[in-house]
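One structure is given below, encoded as structure tokens.
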Amino acid sequence: MIGTVVENIKLNDKYYYMIINNKDFVENAKVGQFLMVQSKEYDYINDPILRRPFGVCDVDYDSGDFSILYMIVGKGTMLLSTFKKGSKIEFSSPLGNSFTIQNEKNVALVGGGIGIAPLYFLAKKLKNNNCKITLYFGGQSETDIIFLDKFEKFVDEIVVTTNDGSKGLKGLVTEPFIKNIDYYDYVYSCGPKKMLEAVSKICINSGKAVEVSLDERMACGLGACLGCIVYVRDNDGNEIQKRCCVEGPIFDGSKVIWESVCRG
Amino acid sequence: MIESLKINLCGVEFKNPIITASGTFGYGLEYANHIDLNKLGGISVKGISLKEVKGNPMPRIMETSAGMLNAIGLQNVGVERFIKEKLPALRKYDTKIIVNFWGKTLEEYIEVARVLDGEDVDMLEMNISCPNIKEGGIAFGTDPKMTYEVVYNCKKVMKNKPLIVKLSPNVTNIKVFGKVAEEAGADAISAINTLLGMAININTRKPFLSNITGGLSGPAIKPVAIRMVYELYKTIKIPIVGIGGIMNYRDVIEFYLAGASAVQVGTANFVDPEIPIKIIDELDNYLKCNNIRNISELTGKVEI
Amino acid sequence: MIESLKINLCGVEFKNPIITASGTFGYGLEYANHIDLNKLGGISVKGISLKEVKGNPMPRIMETSAGMLNAIGLQNVGVERFIKEKLPALRKYDTKIIVNFWGKTLEEYIEVARVLDGEDVDMLEMNISCPNIKEGGIAFGTDPKMTYEVVYNCKKVMKNKPLIVKLSPNVTNIKVFGKVAEEAGADAISAINTLLGMAININTRKPFLSNITGGLSGPAIKPVAIRMVYELYKTIKIPIVGIGGIMNYRDVIEFYLAGASAVQVGTANFVDPEIPIKIIDELDNYLKCNNIRNISELTGKVEI
Amino acid sequence: MIGTVVENIKLNDKYYYMIINNKDFVENAKVGQFLMVQSKEYDYINDPILRRPFGVCDVDYDSGDFSILYMIVGKGTMLLSTFKKGSKIEFSSPLGNSFTIQNEKNVALVGGGIGIAPLYFLAKKLKNNNCKITLYFGGQSETDIIFLDKFEKFVDEIVVTTNDGSKGLKGLVTEPFIKNIDYYDYVYSCGPKKMLEAVSKICINSGKAVEVSLDERMACGLGACLGCIVYVRDNDGNEIQKRCCVEGPIFDGSKVIWESVCRG
């Protein structure tokens, strides 16, 4: 697919927010899905070569705009940050499975750093379904705490933590979360592996359902290359292989075999 | 049907010479929702073995300059499940099916070849060049005697299908392997598989791939692939399927001039799944503009 | 003088491990107006032979994805003129001089080694891996017996200087060649030279290089080079000079982790002549930030 | 060196004109010299990898601006055409030898297509030295005939030819040139090999001095890689090797061994 860059906003030195116009994409995108984005503007250049996966952060059905929220980590994201308003950009259709949208439940969203991206789209949908939502948002430091004003409209409560205490509570996001776990019916999480594992354990221990979004390295994004395998336990307790790009990126947090997960 | 692109490879009629490369296109079905499989000349499916194989631990892939490393470890469902679960659905598409296969031992190679030879597939492609597994794979592709053994013995049990032998570029002299495979009865050669490479994460100090080393593919390796196809063309008489870093129709023409009679597109499928289809359209246009009746006229036509 | 970068390679003290690679830096003097040669750890000069050599016909170079092909054909002024016309001027700079050399025959190798061993140079680097000449070069680097012969016989006549043997990546098993060179008396190994490649101009239908094939260098080949340095490190005890696609300090660290004790920067000199100097500054900074006292601590420290 | 793109003007689908600011460069650039330009904006990208050689087309000593005139042929020039005003661009110092500037002579400049680029700088200098200048400018077609208005200020006469007759006289530029050859004291030429060879032969036959600018493929541009060798005849008639990047790009047209020249 090809879209037009509507905006490519620098939020701070680490994070950018890109709005892209493509009606087809918007009509088909489900909450929790991702897309593979071509970070080069010119197809005659072969470095970088692979497309990069990003979660769908928001969609606007009226304008046909959707957005990605991205963190600068390497050459693909550096290149993305150079796209100007009005440029054409190439990407896949919406890929992967999606979050289950609960109805009229008390839900917790636990996000770590850039893991906040798909939770925004999710919060909007849950709000629509009359859920009561708490957002737990953890980061290294103040710069990682972005998008709060946008979340405020859709979530009922926001708890912020930073490792260095520069914003919100000092410490890990799992600390306030575990204190309130009993209150929630359903938990959604996206962020670093360690955080997802901790959140999942907390949920297992209190018997709460938890869905996590995993960020495995991907080449095709379509289920063909077998580069993004995650091991989960099936109902009989056997370890089975799942392709993060098609059977994921959303998994039942209680089933994931965390040693098999690679991406920090 | 584009007349200028129709080719005959070892008796099999392809509507065009664009085949998707093994391991980069799954069992074909994964791409069915993304592109029109009916347009492809052929599909070479992920390397099939006798029993199901789980592959290597993760991470399995890493990007490099103009290329990528992979160490999937030939994960596949095994020949039986492939035939039952994948082949019938795949057969619904109007494209040629090439089954890439391998074994851990000579006996396994022979058994998979025997089984597939009796199935509704168009060609077999023997992979003796996978750098990512401990047993089998590249060991058969880097020792001429073993290459001869495995090709000869598989051909003996194959009564119906043509056999393509896929060579490893990780050798001092690829001509030797082309020659040996031809003598042992191969109907065609495909070249090249991936170059053995490695990348280290300087932050963690660990290799990026759990398997330590992996196979390098993509435009980075195209010059090596072109050279090997050229060397093979001068050495053997059976047709050559050119593989390595093809991104557009110009690359296909380059492989043809070097000596290819068909090509496979690999890593490019990840870059943009539309690439094989785009190539087909562009090739048609190129041949028209250059008054070339059929692409086969270009095979080996590099002017020295 | 940056303490963290000082290294000792076969008894020679380098102020830093950044050496410019043979053939990409002329006789050093070509760069004197463009960068401060005194900052470099060392310079490996263009491959020197007994007599002046005119090299291959043009065209000799072509760009590829993240790399380039060259078939210069070892053009050089010959050992006598090198010593008279180039060495005195080069010696004025405070950097180590490594003389890359080769011969068309075993006798020529020995004679050049003998002559250079008596001159005011710091080390010799024997090139048995040039893919671009008909006689000599790669022939010595792709046959273990010939490798042994040429290394053993050159070492016999060399009384003063350490000998680096530069290996070809165009072999099935580079460990064999590292081992043989070590046994024959090499003091160090450098790896890799270029991969043999080819590119065809589809408009003219001619190879881009008059020599038909050429050597592939640049970031495209880095994964192959890292893998080979890693394999060599596990096999031999003598130090390894890592070469292939180095563009920045991170690449240098990667080569060190794989097993290098020094590195050479080649194609990058064309991309920006400042790169070797930038790398030196960045390395210093990196080592400081990571509390590493000397870069040598990193050699072979990849965690498997 | 690093400069700032002052303008990057599309002249037509085939030709662009880029003005770059860098005082150091301008102070040192000699007529006929070239520079190696990095066509990628980001050094973390490795494709394309080599810098591209371009002739110095003009310099402005007051503003510290210089310019290159370039034709889109491949990925390097395509990328160059995407540079925006204000971007930073990397390049070498001025490289190679230079044209000999005649004084108060009748001179002919013979340019073919993009070969016009270094002739502009040359025309200005020759005018300064009170030469009487004819510009012979040949192209495939109308689109190749660019920059005429700029040349008008510095040359006394302009003769245009195109292969298809779409502008100026129909035919090769050597046709009008050979008719007037007797009139000139000195000839300068830049363009396709065939043209340079023809111009040189005409000059040899009429005993006129001729300087040609050769465009060999280059990797280093500094005399190190030996990728740009041209064969010329020395005074004793022996064939000797010259590096186009340091002993060139300007050669005595009567000495060049044309079979050794590669670039069309």
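First chain written, first letter: the chains are A, B, C and D, and each begins at residue 1.
Assume a residue touches a chain if its C-beta (ideal position, glycine included) is under 8 Å from a C-beta of that chain, and two chains touch if they have at least 3 such contacts.
For reference, the UniProt names are A, D = Dihydroorotate dehydrogenase B (NAD(+)), electron transfer subunit; B, C = Dihydroorotate dehydrogenase.
Just so it is clear, the model here is predicted, and its values are computed rather than measured.
Novice: Once the contact rule is applied, which chains count as partners of both chain C (Dihydroorotate dehydrogenase) and chain D?
Specialist: A chain counts here if it touches both chain C (Dihydroorotate dehydrogenase) and chain D, which gives A, B.
Novice: State the pair with the higher C-beta contact count; candidates are B-D and A-B.
Specialist: Between the two chain pairs, A-B has more contacting C-beta pairs.
Novice: Express in whole angstrom the distance between the two chain centres, defined as the mean CA positions of chain B (Dihydroorotate dehydrogenase) and chain D.
Specialist: It comes to 46 Å between the two C-alpha centres.
Novice: At what distance in angstrom does the C-alpha mean of chain B (Dihydroorotate dehydrogenase) lie from that of chain A?
Specialist: Between these chains, centre-to-centre, one finds 36 Å.
Novice: Taking the mean of the C-alpha atoms as each chain's centre, how many Å separate chain A from chain D?
Specialist: 54
Novice: Give me the residues of chain B (Dihydroorotate dehydrogenase) that touch two or more other chains.
Specialist: 65-67, 218-220
Novice: What are the residue numbers in chain A that touch two or more other chains?
Specialist: 46-48
Novice: With chains as vertices joined when they touch, what's the shape: line, ring, star, complete or other?
Specialist: complete
Novice: Can you check the complex and tell me which residues of chain B (Dihydroorotate dehydrogenase) touch chain C (Dihydroorotate dehydrogenase)?
Specialist: Within the complex, chain B (Dihydroorotate dehydrogenase) contacts chain C (Dihydroorotate dehydrogenase) at residues 64-67, 69, 142, 170-173, 195-200, 202, 204-207, 212-214, 216, 218-224, 226-227, 230, 245, 250, 253-254, 257-258, 301-304.
Novice: Okay, in this complex, where on chain D does chain C (Dihydroorotate dehydrogenase) touch?
Specialist: 38, 43, 46-51, 90, 92-93, 216-230, 241, 246, 260-262
Novice: Touching chain B (Dihydroorotate dehydrogenase) in the complex: which residues of chain D?
Specialist: It is residues 46-47 of chain D that touch chain B (Dihydroorotate dehydrogenase).
Novice: Contact residues on chain D for chain A in the complex?
Specialist: Chain D residues touching chain A: 41-42, 44-48, 75, 78-79, 82.
Novice: Mind listing the chain C (Dihydroorotate dehydrogenase) positions that touch chain A in their complex?
Specialist: Residues 65-66, 219 of chain C (Dihydroorotate dehydrogenase) touch chain A in their complex.
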